[in-house]
Amino acid sequence: MDQYINPLNSRYSSKEMLYIFSPKFKYTTWRKLWYNLALTQQELGIDISKEQLNKLFKHIENIDLNLVEKYEKKFKHEVMAHLYAYADLIGDDARKILHLGVTSAYLMDNTDLIQIKEALLLIKNNLTKLIKTLKEFSIKHKDLATLAYTHLQEAQLTTLGKRSSLWLQSLIFDFEELEFILSNMCFRGVKGTVGSQSSFSELFSSNFKKVKDLDINLAKKMGFDKVYKITSQTYDRKFDSSILNFLSNLSQSAHKITNDIRFMQHLKEIEEHFEEEQIGSSAMPYKRNPIYSERVASLAKFIMSLQASGGFIAATQWLERTLDDSACKRLNTPQAFLAADAILILLNKIFNNIRVNEKIIETHVKIEMPFILTEDILMKATKNGGDRQILHEKIRIYSMQVRESLYSGITANNLIKLILDDASFRLTPKDIEEVLNPNANIGFAPCQVEDFIKEMVNPILKET
Amino acid sequence: MDQYINPLNSRYSSKEMLYIFSPKFKYTTWRKLWYNLALTQQELGIDISKEQLNKLFKHIENIDLNLVEKYEKKFKHEVMAHLYAYADLIGDDARKILHLGVTSAYLMDNTDLIQIKEALLLIKNNLTKLIKTLKEFSIKHKDLATLAYTHLQEAQLTTLGKRSSLWLQSLIFDFEELEFILSNMCFRGVKGTVGSQSSFSELFSSNFKKVKDLDINLAKKMGFDKVYKITSQTYDRKFDSSILNFLSNLSQSAHKITNDIRFMQHLKEIEEHFEEEQIGSSAMPYKRNPIYSERVASLAKFIMSLQASGGFIAATQWLERTLDDSACKRLNTPQAFLAADAILILLNKIFNNIRVNEKIIETHVKIEMPFILTEDILMKATKNGGDRQILHEKIRIYSMQVRESLYSGITANNLIKLILDDASFRLTPKDIEEVLNPNANIGFAPCQVEDFIKEMVNPILKET
Amino acid sequence: MDQYINPLNSRYSSKEMLYIFSPKFKYTTWRKLWYNLALTQQELGIDISKEQLNKLFKHIENIDLNLVEKYEKKFKHEVMAHLYAYADLIGDDARKILHLGVTSAYLMDNTDLIQIKEALLLIKNNLTKLIKTLKEFSIKHKDLATLAYTHLQEAQLTTLGKRSSLWLQSLIFDFEELEFILSNMCFRGVKGTVGSQSSFSELFSSNFKKVKDLDINLAKKMGFDKVYKITSQTYDRKFDSSILNFLSNLSQSAHKITNDIRFMQHLKEIEEHFEEEQIGSSAMPYKRNPIYSERVASLAKFIMSLQASGGFIAATQWLERTLDDSACKRLNTPQAFLAADAILILLNKIFNNIRVNEKIIETHVKIEMPFILTEDILMKATKNGGDRQILHEKIRIYSMQVRESLYSGITANNLIKLILDDASFRLTPKDIEEVLNPNANIGFAPCQVEDFIKEMVNPILKET
Amino acid sequence: MDQYINPLNSRYSSKEMLYIFSPKFKYTTWRKLWYNLALTQQELGIDISKEQLNKLFKHIENIDLNLVEKYEKKFKHEVMAHLYAYADLIGDDARKILHLGVTSAYLMDNTDLIQIKEALLLIKNNLTKLIKTLKEFSIKHKDLATLAYTHLQEAQLTTLGKRSSLWLQSLIFDFEELEFILSNMCFRGVKGTVGSQSSFSELFSSNFKKVKDLDINLAKKMGFDKVYKITSQTYDRKFDSSILNFLSNLSQSAHKITNDIRFMQHLKEIEEHFEEEQIGSSAMPYKRNPIYSERVASLAKFIMSLQASGGFIAATQWLERTLDDSACKRLNTPQAFLAADAILILLNKIFNNIRVNEKIIETHVKIEMPFILTEDILMKATKNGGDRQILHEKIRIYSMQVRESLYSGITANNLIKLILDDASFRLTPKDIEEVLNPNANIGFAPCQVEDFIKEMVNPILKET
């Protein structure tokens, strides 16, 4: 009540993502790192007993925060405090082989990478769901003719499923980037205070092969296929920067998609789900505000803004490491993930409940079709023997009349009637019908959707 | 334990700043806004009784969060929930005149502005303290000759107090901007759903004068001298953007200052205070890491990065308001203030405890003086009748010899000795002494410091 | 033809702004700085003759670029090359007193400030014009009722002049910031290689008063009221950062304004001027694309993005100066000004030629009025004795019917007819007319516009 | 002389990169796009003669800019003007089949992609060169012990080749990203005004297979393996954003690398090449400023700042396309490439000419070794039977004495002597020698370098 409450915690993000960046996740990961270090060292011939290992393993989960706090007050050093608290549990014998050859950065940096990996996998999971939902949406509406807008002006026709395929394509690009990151991701491993692994020189009698084995075997135990071949005290902060790039890219997609939804809801063509009991605007109950889309756009702006901090940190790390990364990293990375998590939850929610007002879409198409297709009408009339020049001017004048009358709200679009009634056009209702058929004017939009989904989306979803 | 913990809450920021952005501050402010609205309406002739006002006033502080939560579950509307919870306390009679003519934005936007104003005043307070500390520091060291660096290469001499005056000047620029913002700051007041104040048209029988009085009188009760003459549903989001600009500017100063400190600590010329019991690097106990300066630089990067979100929001608000500001505003503004608060606390702490190693500074000056002053030495020698061309080449050769010997770590700078020993220079030890006197080479640095403090700093501190 | 051509040069910016950042402006300013330095030194007692001064003055404009280039190839130093080329013109005698006591930064930094000041004044001039135009626009349309949108959904009524007053207000905030910057702006003056003015110590026999006089008198000659009391080798790069903040703020206003225009043009309520002979979309000649507004938004994004570089430079300057500002400064500052210049030209052009389709605005209002005012209708009906609960449900049902029929494009909004025809509402046409009068629903919008212009705009324009 | 001159044109970038973004490259690419469109259409059965194709082909290079300008004045439409100018050359017959079924975006968007691809390949070329140079550098200095710094404080030892391997690794990450982008890159192809390819429906009798063939065959002719399956009027602006991400990432590497160089040059351990005739600082000729590294850092800041504009554009494109991308794209993409080009040229130049002062590096190591290795000395002494507690305190006191004496500039580090002279340590010179051997304290740094180069660098360079 007396402190700032971060809305990502209290309002927007999932328990799963909040857990990944929690103290519990972090500190149990530290103990797993200690345990697996000892285990791997033992496997590589260091004198560590099964009993010692068992003691480490047994106490991974039971973290006594009060005890930790007591030690932290004493040492003013987070890792030391946790080391002592763990040591109290595992006893003097196991304590001897704890933290062998490593420094704080072994725990800090590896845990950062583990958290990021878990967070990426959670993002991947929700992104996959969203891709699946948008695939269904696109297939369902692949033939639904709708006005396409360029410059926010009615242009020609597209289909709703084609438009949503473009949203889907943006997310596919993000998905591909995510897979690229995951497949390149490395564990930091054991590297020492300045990256030279000198503390392991004595431990393994200058046997570099063994140190490399320690690094990669440990990485595998912690869920990584690869380990950085070299680091300074820390892994290259460019990695963190690339993570923020990815989350920003995903946010750009989300911002663009929800902007489009907000326009379409403005046109009443689609509507976010509105719960019965929900109070929208208390003063204006007739309104249907696309508040989830707006929230997505808002969180996207936040993430996009954080992107700069990743680059700034990477660019200003000095020599083997400076600590001007730490406080910022504790703020930008978890929050970018939490906000991205919220965005994906919201987008899934929006598309699972969205209402498409087909009739309204159809009406809008009908009103504009005559304007959009004046060129086609003219071609038809000329083919039937009309004078192009004269008819062109007539169409211009008729169009303006109709536009004005439409704006005055008193009539439907009667441009076609004016043209049919004018004998100089030499057009029959059937001629017009052929031209005005929306399905004849959506081009290859439906085929494109099918093709795109088959070639680009299904492989990702492992569907056919 | 199971959730992300924002380190601004748990580690870096002050209770005062955390309180300003707390639910408690926010919700009691809402009640104050309701109370003062009614009070001002009564003063302007609306039929509101003293009893009704008293009931509102009496229950400003006792917020029953459980009750609020109950209502929020029902209405899914934060303001409505608080309105009902308040109404339960004040009773049916007072309830009738609660929230008269206003909408949610009356509470939300005005509270945002009140929080920002309080936060700015807290920043101002700590910034003033820092300016005072740096003033003392600058005066104390105004004569202390030290190597000036351009391109991070030893250039000529300055004084430590002059250098710190430049840090001070950056903060003075921030202070001036802060005063500019505070003096222009406006209350949002009562403006209605789209800014037209139409709900007050009936309430005050179309009397615009009365509505203006309501706006300004209410503003004064809530601590503001001015009220926006016009708004849409909300005040212009450019204001929020300007706040983030200011906090970014302050961060730029802090980043530059702490970078300089980190260089000087690298040179061992100054040292952040290091507590006796503190564990620095557990593996490298001999190190004195400037961790507070590094933390300042890290938080500064975070704030500078948030700046972009302010502009992005302001630039993409559509027509009378869209809600894609809200979630981002809840994240960027409080956190930028919390981090700036932490920065000022840290900078005050650093400068209150900093250790200046005058002897080391002096040594560094001595080593470089001969190099820096070769031109002056040459002038003196030429004046005494030496051949400039020949001596110039000799100096070049001697300098290189000395530089090499210095790097090999075996001797002090004996350039002067070489010159004195070389009869072609025709220089006496006294000649050299005159040239090499550091105080003769710091130019007007001490005068500048005095002048700057008198003219620019003291007026702000209201000192002389 | 074979090189990148910057479109700010070839397409968007004015000759005036392009000139301010041209080599000609820069190099003649250098000569003015040399001349005025000598002049002021003479006035303060340095032995400089009138003839010497005359020679400097005479050759300010005639810069022989070929000669400069020849010298630059030799020295690889821009300032040296210009110094020699100038010296060749002024002769040996005047040469002796050229560049007395100063370094390259005297020319570079002061010229930067002079360019920025000239550019700010040009911006101020065009911004003032724009404010004037928008003032006229706002007054003209202050009573024109139009739909206000929140969440891009029809909300209540405002007036067009009120909406444009909000645009105007954003620009007023920018104007105030501009005046703040101009009134605080300082000349860098003569400070020496590291800011200690040590070269003037000998020149003025350690007389600090004289050096201060030199600084301020020189500043005045170059058009500045103030001079920095202290600098390092350079003025504080926070100043450049504040300039980019201002230009970003102005861009945020422009982006918001043109977004609104683009929506209104989407609604056909307003239209950018479209020249007769202009080819819009060759494929879609019926379109009226708001291309100038789009260009403004595009340039605004560019400027907003450059803002970060200003902060980055200021934050990472080390000690007395590092050169990692220079290349970036040559790119970000001129281009931010050139783009801002283009934005103001475009906005002035847009508003000087904009077409307001009042009839369309009126139609849109009429269509939505019944929905917007259902609450008022209900109140009237209840007052006349109707049962609120029953009527509320009826209105809901009627509204939905009408909405659907409107979307099908076949009729005008007949909600009112349905209500009048339903006897349970007990409403007469006159009752309805009172409620539906747009002018009764725009609140105090016109008064606000008048008040705002009188209090906030006229003082700036020095109009009444 | 009268206009702003962009320094990327006049100072920093290569002719090759400037040409890629030149009008000549752009407009000949347009003609190639027209020619290859017709050629591919003919191959797919459209009635186009060999003569018509020949005429198109013959006039690809001879662009008459005066003629274009004449037409542009008439139509105010860039593409139209070029189309007419081309048509004048190819004659009436070929004109009939020019631009068949396509719109302006066919030329604009595809050309953007072609320019980006060429620019990426040029970057790749220079980046490969740089990787090669840094590989040689790293191998050469893989054993050279040097002080590692954490927090900019002397930490333990690393080797120069290990440090430069970390720089190299950053560039390898960039290289991998570049390959990822290139391998995913698509041609925009022929998609029509809103992306539906409707104009090709008639041309190819609704045969989607043929339209797909047109798209991919055309792409291949223009040098692309892939074509977007779907687009709106334009390809997804997220692609441009990803390009700016890449260039920003590369800049972050460059900024970090050059920061490190600037520190090392500060320490005199390395030096950028300084040309004999070069005037550094005219006032301070003894200085060796790392100006190329500073320029790299400066350009890097510019690019990193532009990154935000890419995301902003992608996030705010509305529906099938808005034009608020155009002006910004003309500024941010070419300039980011030009600046990145300049950075790679500079880095290649720096590393091809860098001077490593091995002796100075060695001296610095020697001075600090006793401090760094106090722990090892203590261990040895304890092993020999010394009392750890007592000796630890003694070492602390001796260290402080030596540090002070070093700062006073009068002596070498005699800590070892003090220890040897103190019998309580029980250490022989040979004992000390073993501990102090730098090569015994660089850990596995040389092995890491070899391993890293073998596994990560050579595959990229296709070397072994």
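Just so it is clear, A, B, C and D label the chains in written order, and each chain counts residues from 1 on its own.
The rule we apply is simple: a contact is a pair of C-beta atoms (placed from the backbone, for glycine too) under 8 Å apart; a residue touches a chain by one contact, two chains touch by 3 or more.
Remember, it's a predicted structure, so these values are computed and weren't measured experimentally.
Over half of the residue-numbered contact pairs at A-D are shared with one candidate from B-C, C-D or B-D, namely B-C.
More inter-chain C-beta contacts link the pair A-B than the other of A-C and A-B. For the self-contact between chain B and chain C, the two sides draw on mostly identical residue numbers; the shared fraction is above half. Centroids built from CA atoms put chain B at 33 Å from chain A. With centres taken as mean Cα positions, chain C sits 26 Å from chain B. In whole angstrom, the spacing between the mean C-alpha positions of chain A and chain C is 34. Shared interface positions of chain B, i.e. residues touching 2 or more other chains, are given as 149-152, 155-156, 193, 262-263, 281, 284, 289, 291, 294, 304, 307-308, 312, 316, 322-323.
On the side of chain D, the complex with chain B involves touching residues 149-156, 262-263, 265-266, 268, 281, 284-291, 294, 308, 312, 316, 357, 359-360, 363, 366-367, 371-372, 374-375, 399, 403-404, 407-410, 412-413. In the complex of the two chains, the chain B residues touching chain C come out as 148-152, 155-159, 162-163, 165-166, 169-170, 173, 176-177, 180, 184, 192-201, 208, 211-212, 229-233, 236, 238-239, 241-242, 245, 248-249, 251-253, 255-256, 259-260, 263, 300, 304, 307-308, 311-312, 314-323, 441-445, 447-449, 451-452, 455-456.
Residue ranges of chain D in contact with chain C, taken from their complex: 1-9, 12-13, 15, 18-19, 21-24, 65, 74-77, 79-80, 103-104, 193, 262, 275, 277-279, 281-284, 289, 291, 294-295, 297-299, 301-302, 304-309, 312-313, 316, 322-332, 334-335, 338-339.
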